[in-house]
Structure formats: structure tokens, C-alpha cells
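In what follows, structures are represented as C-alpha cells.
Two complexes are shown next, each including chain A; its partner changes from chain B in the first to chain C in the second.
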Partner chain A sequence: MSALQAYRHLMRAARVAFDGDNRTLTAAYESIRRGFRENQNVPANDPTIAPAIAHAEEVASFLRSNVVQGRKDGETYKLRIHQDTERGDNDTIKLGNQTIKIGGEQKCCSA
Partner chain B sequence: GSSSSTFESPFKGESKAAKVPDFGKYMSKAPPSTNMLFSYFMVGTMGAITAAGAKSTIQEFLKNMSASADVLAMAKVEVDLNAIPEGKNVIIKWRGKPVFIRHRTPAEIEEANKVNVATLRDPETDADRVKKPEWLVMLGVCTHLGCVPIGEAGDYGGWFCPCHGSHYDISGRIRKGPAPLNLEIPLYEFPEEGKLVIG
Partner chain C sequence: MFRTAALTAARVARPAVASAVRAGVARPAFVQAVPKVAAFQAVRFYSAGGHLKKDEVFSRIAQVLSGFDKVNDPKNITETAHFANDLGLDSLDTVEVVMAIEEEFSIEIPDKDADQIHSVDKAVEYILSQPDAN
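Now for the complex of A and B:
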């Protein structure tokens, strides 16, 4: 996965997530550019490159599928759920009998 | 004579143009973040809601872009129900808690109604818990100590709280484990066909 690809994915995801909200969209573009520019002189074989690109890709997919824009209308925020927004499948609840890690990654009351 | 050589500065004292106008009366009396038109909400399946890494990067970025917490604590959210087809569900983080919005299939509704209510710890019929049978809206917070129950597990075909092992059924009713009550139903309404307002 190249850095250029990750950069494009991020830019496109930001456009999906922040569509219509120019203030946030410009800020997002700016912060994406800044993030890539900071690392532009890192040599291609540097070990930190791969995790950084993976992180960028994760952020892009999270922006696209897990961030929903709410537009204020009086006291109510109207959510714009679009086609890429992640929806769960009701059937998966029946899979059952999976190994559950108690106190694993889930954040809990006392943790 | 001497009077012809005097120089008068064009900048005499305070001219009208040199003063910064007072924009006070145009300014909003409310704190800036109350007026923000957009706010961003986290949605998705449980894994995404609890995942670190990418999520924290985005939250850090959005911190200054969204309305402040005190505004969001009062806010209602409106969901277009056409976006959730039958047999699908969406989890939205609202007021800091995950809200499960579930478009149930007839089979699920039937399963929820089949249960003998008298045997339950917190007896509630399925009809008590929903306003429209096809839509189940509830807070994904375990009534025991406040963990987030997960789907895809549990003995009753519903949710399971991984912290101390509470099992909930398909209607979110407590069936087994330490939790005392059924999963909480938030205030919600259907103001018009195809619209759901939570809060």
C-alpha cells in the first residue's frame, strides 16, 4: 500500500464524511496534508512507514463508515446516514458460541 | 511668511475611519459552540465503537469542530429510518452511550413475543418495550455496572455483557446473570413516517 494511495483515500473519505461542512472539510484537508508533509522526508525503507500508512488507511475507512454528520435543526441533529455508513446485520446476533474474552478489549465499569 | 511652512498631519486625533467599529450587537450572546451547525457522531458495530487508534485520531481532530459536550448533552438526534433496511441495525453513540436501533424482522418480533413474561426477572412484554414492533430502540448499557453488552453471544439469542456475564434476549430483557433490569429504553418518538427522534 503506497503512501499516495493512502493520501487519496483519506482525502476522499474526508469529503464523504464532512460534505457540506466547509469549515471542518478544509480543516481536515489541512490536517491530512500536514500529517503527510511531516513524514515526506522519511526514506522509503524506514520501518515506521508501513504502520503509518496502515494507520492512515484505518482512519480513512473509519471516517467513511463510522462517522455520521449531524446537521442542527433547532434542538435536533439530523443524522446523514449515507450508503457507506456501517450497518450491522441482525442475523449475526444468532451466531453465538463464540469465544468471549471476559474483560478483554471491552472497557468495563471498573477498568 | 512662517504660516505657509506649517504642516498639518492628515491624521488628526481620532478620525471616524480609524476607529474599529463595534460589532457587539451583531455578535451572538451564546457561547460560540452552541451555534455550530454540524456535529459528528460515531456509528457502527460494536467493534468500531470501541476500537482505539483510528478512532482516537478522528476524535482528537473533531474535538474542536463539534459542538461542546454541554450542548450535545441536551441534543436530540433524528434518524432517517429509510437508511436502515429491515434486518439491519445501527449503533449510534449518543450522549456518550451507544444506542441500538434495530429494524426487526417478523421472526425476531415473534421470538420476542413467545417468551413467557411471568418468568422474567424484570417482567415486561415486548409491546411495552417498543412503540412500533419493527423498531427496537434501546441503550446498550448493561444495567448491572454499565458495560456495553455485545451481540453474537449469550444463551438467549440476544446480547451478552462480557464484564460479569449478563444475558439479554432479543428484546433486551435480562434473562440470566447479575443485572437487575432490562436494557433501558431511551425517550424516542416517531414524529412522522420514516423518522425517528431520540431524546
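Now for the complex of A and C:
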């Protein structure tokens, strides 16, 4: 996974998450740029590179699936839920008080 | 049923128009102004070749680049300009340029293709090979 790909994914994710909200979108672009520019002189074999790229990818997927825009419409807010928004089915509620480790070994439901 | 209704309407309408002409009343200009062929071509079909011309693609890409403030000199934007060697952009800028080009032609370039685009002619070539680009 290269840094350039992470950069592209992050830029695209920002575009999906903040579509139509130019102020936030510009701020997001600016902050992504700043983050990458700060580390642009780090050598490619530096041990901090891989975690930094993984972090960027995680932020990208978070922006894409866990950020939803809301617009106030009178008393209520209209949410713009798009095709990449994560929709949980709350199946874990059936497991009671067990602690669930996400992505862990514990199998849940039909998985 | 619709056909008979239309025919009746036409039959009723014709004498009215004819009498209007006879009486010297100018018919609405647009009726005469649109020749048959032009009226037909005004409708665009899905099958119509919406292909982009090479010059048009280049001029739109050049426009995208000239709006990009990191390009060292707008005069360097030529059909064969290399993003890094001729325009002074680094790899992060190149990613942004490619994304701006995507937006301009409303397509999404997959990662593996986007990584290959390093010059204006490559970008033009890629856009021309995409039937969805517009």
C-alpha cells in the first residue's frame, strides 16, 4: 500500500463525506495535504511509514462509512446517508452483556 | 383512438391556419424557421457518438492545469508536458491533478490506471479511451 494511494483514497473519501459542503471540504483537503507534506521527507524505509499509511487508510474508511452530513430542515435534521455509509444491523444486542471484540476471533451471528 | 383524435385535430386545424394565411396574418416565425432536418437533429439519441475530440480534451486538461497554482509556468502546459519534469509538480500534486481531471470529465479512474498517468499526453490518451468521459 503506497502513500500516494493512501493520499488518493483519503482525498476521495473527503469528497464523498463532505460533498456539497465546500468549506469543510476545503478544510479537509488542506488538513490532508498538511499531514502528508509534513512527512514527505521521511525516507521510504523508515519504520514509522507503514503505521502512518495504515492510519491514513483508516481515516479514509472512517470518513467514507461513518460520517454522515445533516442539514437542518425546520425542526429536524435531514441526513444524507449514501451508499458507503455503514449500516449496522444491531445483531450484537442479542449477545447480551458479552464483550465483543470487533475484528477479533469471536464469531458473531452468521459470520 | 389517439390516432383518430390527432387526425381530427389536424383536420380542424388545417383550415384555420390556411384562412389565417389567406387573411395575411403572419404565421408564428418558429414554424417556418426550423427546417425539417434541424428539428430532427435537435433530439439527441443515446446511440449518438458523443466522442470527445482530442483537441477538446487537451484544452480542458490544460484549463484544469492552469487553475492549479503549483504549476511553475502556464506556458509550460503543452500536449506532451510531463507533470513532474516540465510542470514542476511532485507526486502528491500529480495525484491531485489526476483527481481534478477525473472531476472535469466526471469519471473515476481506478488506482492502477491513475498511477500510470504522469503526463498530459497520457491523460489525454486515457480520457479518449474512456467511453463514459464527457
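The working rule: the second predicted complex is superposed on the first by the 88 of 111 C-alpha atoms of A that agree within 3 Å, B and C clash if a C-alpha of one lies under 4 Å from a C-alpha of the other, contacts with A are read in each partner's own complex, and residues count from 1 in each chain.
By our rule, a residue touches a chain if its C-beta (ideal position, glycine included) is under 8 Å from a C-beta of that chain, and two chains touch if they have at least 3 such contacts.
All values derive from a computational prediction rather than experimental measurement.
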{"item": "First, second, both or neither for A:92, with chain B first and chain C second", "value": "first"}
{"item": "Chain B or chain C, by number of chain A residues touched", "value": "B"}
{"item": "Partner chain(s) touched by A:72 [first = chain B, second = chain C, both, neither]", "value": "first"}
{"item": "Chain B versus chain C as contact partner of A:8, first or second or both or neither", "value": "second"}
{"item": "First, second, both or neither for A:27, with chain B first and chain C second", "value": "first"}
{"item": "Residue ranges of chain C touching chain A (in the complex, touch as defined)", "value": "90-92, 95-96, 98-99, 111, 114-115"}
{"item": "Touching residues on chain A, where the partner in the complex is chain C", "value": "4-5, 7-8, 11-12, 33, 36-37, 40"}
{"item": "Residue ranges of chain A in contact with chain B within the complex", "value": "17-18, 20-21, 23-24, 27-28, 31, 55, 58-59, 61-63, 65-73, 75-79, 81-82, 85-98, 100-110"}
{"item": "Chain B - residues contacting chain A, complex", "value": "36-45, 48-51, 53-55, 57-58, 61-62, 65, 67, 74-80, 83-85, 87-92, 102-105, 108, 145-148, 150-154, 157-160, 162-163, 165, 170, 197, 199"}
